[in-house]
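What follows is subunit A paired twice: with subunit B in the first complex and subunit C in the second.
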Partner chain A sequence: MKSLEELMAIKNKMQNKVSVRTSAGDIRVVVGMATCGIAAGARPVLNAFVEGVDALGLGDKVQVTQTGCIGICQYEPVVEVYEKDKEKVTYVKMTADKAKEVLEKHIKGGKPVIEYTIGATQL
Partner chain B sequence: MDELALYVLDITMNSVRAGATEITITIEETDDTILLVISDNGCGMTEAQLSKLSDPFFTTRTTRKVGLGIPFLKMLAEMTGGYVKVESVHESVSEEHGTTTTALFYKNHVDFIPVGNMTDTLVTLINGSPEINFTFIHKMPEGEVNFSSEEIRSILGKDISLAEPEVLAWIRGNIEDQYNEVDN
Partner chain C sequence: MIRSHVLVCGGTGCTASGSAAIRERLQEELKTHGLEDEVKIVQTGCFGLCSLGPIMIIYPEGTFYSMVKPDDVPEIVTEHLLKGRIVERLVYNDTGDKHGEEEAQAASLAETAFYKKQKRVALRNCGVINPELIDEYIAMDGYFALAKVLKEMTPDDVIKVILDSGLRGRGGGGFPTGRKWQFARASVSDKKYVVCNADEGDPGAFMDRSVLEGDPHAVLEAMAIAGYAIGADEGWIYVRAEYPIAVKRLQIAIEQAREYGLLGNNIFGTDFNFDIHIRLGAGAFVCGEETALLTSIEGNRGEPRPRPPFPAVKGLWGQPTIVNNVETFANIAQIILNGAEWFASTGTETSKGTKVFALGGKIKNTGLVEIPMGTTLREVIEEIGGGVPNGKKFKAAQTGGPSGGCLPASLIDTPIDYDNLIKAGSMMGSGGLIIMDEDTCMVDIAKFFLEFTVDESCGKCSPCRIGTVRLLEILNKITSGNGEMEDLDKLEELANYIKSASLCALGQTAPNPVLSTLRFFRDEYIAHIVDKKCPAGVCKALLQYVIDPEKCKGCTLCARNCPVSAISGKVKEPHTIDQSKCIKCGTCMEKCKFGAISKK
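Up next is the complex of A and B:
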């Protein structure tokens, strides 16, 4: 069982890091989680990003957040990636597997996966 | 949607949007029924809003024309022989405002869908609203699973968000462990 001692250890580790955390260079991954998104499969996408950021040790640099309806329901699940001084990248019709790929290549590697972006997708 | 846990996520998002700071989700299973209760201390609904709730074309959203949440849940519950009941007190009526949605399902009915991944649903909710106090209780004939944001926060202190990936990973592991223990 994941014990409270482990949670305490996480706390102690984080407390030392909190002061180092800066907003410069941060990446924000935003997943659309309204009814339309949930129905289209946004939950596994969100969880793939949350778990992947932890597994890749990117927690200091990357924030995974949620938003309501982005207004392009037919493209759900939709994921937007915001990075300082860069243009927003919008991924559409996402899956957990695509999320893992985006994490590796874009979030970690710095190169957007063009084929999953809204510009590359035909309706 | 093919998991009850996804409906729970969707209905709980209503509570989040209503500005709730306390949200309690309880699931009580017997061998043939599931009673789901989601209650919040959000803004609540007026009598007029409440009466329109089962109408799939009613929503206070501005971004989308059709509200699907509650009618979906109602359809699923009624298909299995159960029901959905929504009770609400609007903030203009009382300080004790909030909404309680109760749903009963007959889980052996052919139209019922699996409970599904409640862990993913909880982690999603906590990631989206780390400041909200979520209480989760899932009682099954074989045992129960519990989660409380407040309990985690009392250990972490107020400076560390429950949405930190490492914290969420711990929460995920803890809830999964509890479910595994019930299964054994």
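Up next is the complex of A and C:
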């Protein structure tokens, strides 16, 4: 180790890898991963969120986690986004591509992608 | 891409309760379900709740599973990791109530009563990082304090920060760490040493072991900082050979630090050189005393030498040396990074920061706790420790191990710090905290610790070698029912001689368990001597098992189970115990279905 920069480089490289253990997360992205969710393809959605958060360097702000069935199985994969002091946003019939869009516009940009939310879908 | 981390405790406690088998099973199950690339298994150091081991924490949810068995692993993988459903029956719960959705939520580690009152400085990385990966330590700001010291501070700056922080030695004595460093810096020599005392010997104490197992780099970094501050280029860690996991992780850590150039020559491109060696101790208690420890590192029999000269002037191989305890070192990098004021903002007037205690004895949550100085004994016992189990009454807390004393229930609101404990006739010690309930005999406890020091006295000076044996003889006389009132004065007189005349701290503190129990529980000594009774029902020679003729149905069960045939009586008539034959094993009392037998 010859310089502080080298040490910093290791820290930066590692930070995203350990942040999952330390961040409380201002934003929580919860992916429904019950049998219905998995059958409808929630795994690729979950992975897209995990990878996307890392790629955007939001590891210390955003926590990606999973939950069980919330009872609207026909709309799976369901993803809910919780943000402090804001109303919960529920996305339905998600795909990995939609996940990328949500990451870019909502998680990073702060604007929910209305057309994918449960409110915009015919119930 | 990893989305979840499963932390499995790899400390000594959880290893003993089978955490290695859990890790293996976890690996297999993840493979079966194709989750290897999404879920990472991390072996960590001690979480502190050793009685609930093996412990597993799953992030990002922070779900805290306790007493996990290998057969639970498939369920955890298919339910939690695959489907995101928490396995509630395994979730640790505070309250002892049935598990429910809300309890399961509240069971993330930080929210348990056990953790809530704690403040983790020395243990901050224990149970969080993988101690065998230097990168994880660096991710938690590891080695940034060393970089800061080497690049931005002079040795005097470093010593000033440590002085200002008010950090005192965590090994027991409580000497200000900065002053120790100052003395060593002022000693002129071209060779100096930094020594880490990891010879943790108090019965039941395992604070240092947990730091070494859970965060070994914190100690290495601090030793290098100390080396820079006093002008040393070589460090020694004296660790017990009975700590195989700690030794292994230290070796790995030293290797990794050398590979990264964080130990060795020209660290961070400066002209500062520092390297560290390990010396294994053979487990003699006296080697925790700093001069005996140095003698042992030098390859000689572990015997203390007179002070002065203090090690800071003439230590290892006659050169200026500082000897600091593991936990003391574990605080250093945090003080450098966060500043002296940050550290000093926690604690009491004379004792700053936090202290780690190994909580044990008659208490619900046994394990490792780190609390701010000044926390009261009541908070530790009732809130963090979860109280005395089985509805028994709290009687006393023993601190400082064989060198300390007992605090009675009347002092339960004492804020714990160095000076308050000394005022109460005990001492901080290295951090053993043993809780005793009403079934504990205080004379017996004094005897227990004295037996330990008698065994461990090195024999170099006679007050300790002979004096402690004589003390023990008097105690044995009292507990066997032959005590006289003059014995109490003899105990006190002899104890004070040993304190003032012994060569090292082992002898100087050995009488403390006797003196402090005499001070707070004199009536128990008197009961042993005058009434020939042991109020707690522990000292066998003073006990009598008796059968209540009113309650005895004459079922003969006790007589049939008595190993020495001391019980006689006809069927359906009250039985009696022949006290001259009775060996007081208690079998009859255990077997009696009518509660007719009691000990008096």
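The working rule: the second predicted complex is superposed on the first by the 97 of 123 C-alpha atoms of A that agree within 3 Å, B and C clash if a C-alpha of one lies under 4 Å from a C-alpha of the other, contacts with A are read in each partner's own complex, and residues count from 1 in each chain.
Keep this in mind: contacts are C-beta pairs under 8 Å (C-beta built on N, C-alpha and C of every residue); 3 or more make two chains touch, one makes a residue touch a chain.
None of the values given here were measured: they were computed from a predicted structure.
When both complexes are overlaid on chain A, the residue A:Gly59 reaches subunit B alone and has no touch with subunit C. Residue contacts after overlaying the shared chain place A:Leu4 against subunit B and subunit C alike. Once chain A of one complex is fitted onto chain A of the other, the partner contacts of A:Met14 extend to both subunit B and subunit C. When the shared chain is aligned, subunit B and subunit C each come close enough to touch A:Leu46. In the superposed model, A:Ile38 lies in contact with both subunit B and subunit C.
By the touch criterion stated above, A:Gly109 is placed in contact with neither subunit B nor subunit C.
Overlap of the subunit B and subunit C interfaces on subunit A comprises residues 1-2, 4, 7, 10-11, 13-15, 18, 33-35, 38, 46-47, 50-51, 54, 64-66, 68. Subunit A contributes residues 1-4, 7, 10-11, 13-15, 17-18, 20-23, 25, 31-35, 37-38, 46-47, 50-51, 54, 63-68 to its touches with subunit C in the complex. The touching residues of subunit A, counted against subunit B in their complex, run 1-2, 4, 6-8, 10-11, 13-15, 18, 33-36, 38-39, 43-44, 46-47, 50-51, 53-54, 58-59, 64-66, 68-69, 71, 73.
Per the touch definition, subunit B reaches subunit A in the complex via residues 1, 6, 9-10, 13, 17, 61, 63-64, 67-69, 120-121, 123-124, 127-128, 152, 155-157, 159-160, 163-170, 172-174, 177-178, 181. Every residue of subunit C that touches subunit A in the complex is listed here, in rising order: 1-5, 7, 38, 42, 59-61, 82-85, 128-129, 135-136, 138-141, 143-144, 147, 151, 260-262, 266-269.
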